[in-house]
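Letters A, B, C and D mark the chains in the order given here, with residues in each chain numbered from 1 onward.
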Amino acid sequence: MKVTVQYFALLREQRGLTQETLETTAPTPAALYEELRARHAFTLPADRVRAAINGEFAAATAALRAGDTVVFIPPVAGG
Amino acid sequence: MKVTVQYFALLREQRGLTQETLETTAPTPAALYEELRARHAFTLPADRVRAAINGEFAAATAALRAGDTVVFIPPVAGG
Amino acid sequence: MFRISTDSIDPATLEAALTDARAGACVTFCGWVRNANDGQPVLSLEYEAFAPLAEKEGERILAEAREKFALLGVAAVHRVGHLQIGEAAVWVGVTAAHRGAAFDACRYIIDELKARVPVWKKEHYASGASAWINCATR
Amino acid sequence: MFRISTDSIDPATLEAALTDARAGACVTFCGWVRNANDGQPVLSLEYEAFAPLAEKEGERILAEAREKFALLGVAAVHRVGHLQIGEAAVWVGVTAAHRGAAFDACRYIIDELKARVPVWKKEHYASGASAWINCATR
């Protein structure tokens, strides 16, 4: 299935782009992150990254569906 | 001895003036307050009034000296 | 610096004076004249101070806050005169490297100012009555 | 109301918008870009947000504060972009009848914003290095 991934902050820099649409068989955000981390050498381990699907926080084990927009959220640091 | 008394807030209103110089034999602020309270029917009991002598807080039992300026401080209510 | 002021309080100017490149946090408290107290509608408030002692005691409170908390800057002003609803009666501003110290110090200062500084307020009520706060003797 | 802003933060305008005749207390927190962090000289900071989710999560935090504390008004803004030393990165303002609720709510909001809202900052150091805060992996 096709999903769109948006990148912010450290992940945006390590990926070198802000958004991509890609083909994956990953059933969950956790699986998709591991796939992308292996491909792009992201330094953040999966347990330090939260996921959002279609603009809302989602569990790492939530079901991904075709057409979803996924954001991986590095540790936040506002203020 | 002569001392000067300044009045603020409720005491100013009940005395009807902001300052007076008067002759007293009261040895302490506490004694002076009781003297003035009897004379002017101040409603605040002595234990709710603090004293200042010459611009600094003073104990109710401090020694009054000729020429002192005494302020009786009603319960404060700033802010 | 603590002062008693007959002029209206301008939070923006006061906060700007606390500018400090080392500061990561600025916490301010502003006390506004509100339109009711203990359920009674209030029309206006009169504030009166024994200014010389109020300023000394206020400075002592700011010095205590500097000793207790890791502050960079601190300032406070108390207004006197006849104030209308919505006007600022008191302002406290504190800067620190980190926000914990700034919150704690700002709270400490306003609590101590209200308890210790010789300032009095008289509330004027919609009923026409008025009362010096904390001076009831019933 | 919580928003992510690319424009500079103006505390005076934000505080004026909280004007309320019922309010006796206004507490504000402003987070300033400071010139050092963990002992390292900082030259500037870049802030980036996942804005739609940041605004949703920020609104949730303000709603929680309204539920937990007796508030009259509440507003917060987080800046994004490249900020210089002394610029305001985040502002929180709270009004209440009484100061206890205002202090507690302001503290709650900034603590939760920092912990939960998808905003990131990258520090640029005098050494020429830079780092995304909280993203160290060793």
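The definition used in the following text is that contacts are C-beta pairs under 8 Å (C-beta built on N, C-alpha and C of every residue); 3 or more make two chains touch, one makes a residue touch a chain.
Here the structure is a predicted model, which means the values were calculated and not measured.
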Reaching subunit C from subunit A through chains that touch each other, fewest steps:
2
Most remote chain w.r.t. Subunit D, using mean C-alpha positions, is B
Per the C-alpha means, the centres of subunit A and subunit B lie apart by a whole-Å value of 73
Chain centre separation in whole Å, for subunit D relative to subunit B (CA means):
49
Take the average of all CA coordinates in subunit C, do the same for subunit D, and state the distance between these two points in whole angstrom.
24
Hunt down the residues of subunit A that sit against at least two other chains at once, touch-wise.
79
Quick check on subunit C: which residues sit in contact with 2+ other chains?
31, 99, 110
In contact (per the touch rule at the top): chain pairs
A-D, B-C, C-D
Touching residues on subunit D, where the partner in the complex is subunit A:
31, 47-50, 52-53, 56-57, 78, 89-90, 110, 113-122, 132-135, 137
In the complex, subunit D residues that touch subunit C:
11-12, 15, 19, 21-36, 85-86, 95, 97, 99, 102-103, 106-107, 110
Where on subunit A does subunit D make contact in their complex?
6, 8-10, 12-13, 43-45, 48, 52, 55-57, 71, 73-79
